[in-house]
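Written out below as structure tokens is the structure these notes cover.
Chain nomenclature is as follows: A, B, C, D and E, assigned in order of appearance, with residue numbering initiated at 1 for each chain independently.
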Amino acid sequence: MFLGKVIGSVWATQKEVGMDNLKLLVIQPMDFRDSEAGTPIIAADRIGAGVGENVIVSRGSPARTLFTDKMVPIDAMIVGIVDSYEVTQETEEEVWKSRSKE
Amino acid sequence: MFLGKVIGSVWATQKEVGMDNLKLLVIQPMDFRDSEAGTPIIAADRIGAGVGENVIVSRGSPARTLFTDKMVPIDAMIVGIVDSYEVTQETEEEVWKSRSKE
Amino acid sequence: MFLGKVIGSVWATQKEVGMDNLKLLVIQPMDFRDSEAGTPIIAADRIGAGVGENVIVSRGSPARTLFTDKMVPIDAMIVGIVDSYEVTQETEEEVWKSRSKE
Amino acid sequence: MFLGKVIGSVWATQKEVGMDNLKLLVIQPMDFRDSEAGTPIIAADRIGAGVGENVIVSRGSPARTLFTDKMVPIDAMIVGIVDSYEVTQETEEEVWKSRSKE
Amino acid sequence: MFLGKVIGSVWATQKEVGMDNLKLLVIQPMDFRDSEAGTPIIAADRIGAGVGENVIVSRGSPARTLFTDKMVPIDAMIVGIVDSYEVTQETEEEVWKSRSKE
């Protein structure tokens, strides 16, 4: 999974089978030091993530397994809203602590 | 999924089993600020996307699950035609709004 | 899928179960403007692609689904030989037309 | 799989089905010469890896197959804690030996 | 698949279910012109590859399908030991020929 920040939404009327009633959010991948890490991607959300929140995103076929009753052709899913994370970088003997909700 | 712009088509007569009657489009991956993001890829389309339109592309095995009656060896599929998207970049306190069809 | 040019072959005598009788070609990923796009990969071929031809390559588990009678541990497959492609880049108001076989 | 160093943890209360009781660690991908190799990712851990340890991380659907009784939408899993590794770079006629636990 | 050179081994005592009795090798991805192409990865080997040999590596779920009797959470597998390869680069009218074993 990767850490991302929700930065927006996408809307589509004309879509493939299985894409109905899916909330699609735009996710900016982040490293754990508040910097962006690459191009934003689009992920489905069922747990109520909002713009500005840090989320955990799972990609590939694992994301699809959440839909047991139908085929949903998605390759990215928000699987958690981050309460907090703590990262230690030993080589520089510093500790970053971060909380997404305060 | 990622945001892409349809920039062309590819035709192939000699092809693998399961590739018949598939419309193959060339997709330029885009970030959400109207810049290109990497090398164009080839995706299958069943929902009628046209050149110049912004689309949502799903990759990997999820793309294949749409074909329930036969094996289709594709790894990328257009799953939605973008009506509009809205992206906020909080750190710079700016808002980008964009619509693909106007 | 991605656009690639066949640039060579690989031979292996000692190999895993399921790799017998597979033609393995070396594919240079290409963008659609005749430039190379990254490191060459190795893909299986069953449709008779030759050196110098442009091909469509599918990656990941979709490539494997073509083999219904046995387990073939490949992650890339040539799924089409390109007759022609046409790419429009609107922002610069230019049109590239290309044909791989003339 | 790739070599990574455990550099932290992530906590999430609001999460998707199947994400309960999973320990989520932050992994810095490493090359085999003690340098970082890209952006940290988030992986699930069931074998008791701790901060500072070198681990083997498996990605994609293989990670998910470990959970046979339920659907777990993860795409990265720690599959081993590295005792030691040995890497030879022939071109420079040097040998790196490294041990993560001493 | 990609071309890689075996540059070492990794050992782990503490590991996930299904990882027992697997030989894990460190593989340096190579382009076909004797240059390194990215960060080394870890792949399982059942066909007896040794340090210094060129190998074909398959990634993702196809690698896992070789194990039919149990769940093995690996995402990379050596599927062939390269006898030889031949690569032509037409644009520069040069031919590289290479043999990994002489």
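Here, contacts are C-beta pairs under 8 Å (C-beta built on N, C-alpha and C of every residue); 3 or more make two chains touch, one makes a residue touch a chain.
All values derive from a computational prediction rather than experimental measurement.
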**Report entry** Centre-of-Cα separation between subunit B and subunit A, whole angstrom
**Finding:** 19
Query raised in the report: Quick one: subunit B and subunit E, Cα centre-to-centre, how many Å?
Result: 31
Query raised in the report: Which positions in subunit E touch two or more other chains at once?
Result: 60-61, 63
Report task. Treating touching as the only link between chains, describe the layout with one word: line, ring, star, complete or other. Result -> ring
Report summary line: When the ring is traversed from subunit A toward subunit D, the order is A, D, E, C, B
Report summary line: Interface with subunit B, subunit A side, in the complex: residues 7-19, 24, 26, 39-43, 51-52, 60-61, 63-64, 71-76
Query raised in the report: Along subunit B, where are the residues that touch subunit A in the complex?
Result: 1-3, 29, 31-32, 37-38, 46-48, 56, 58-63, 65-66, 68, 77-90
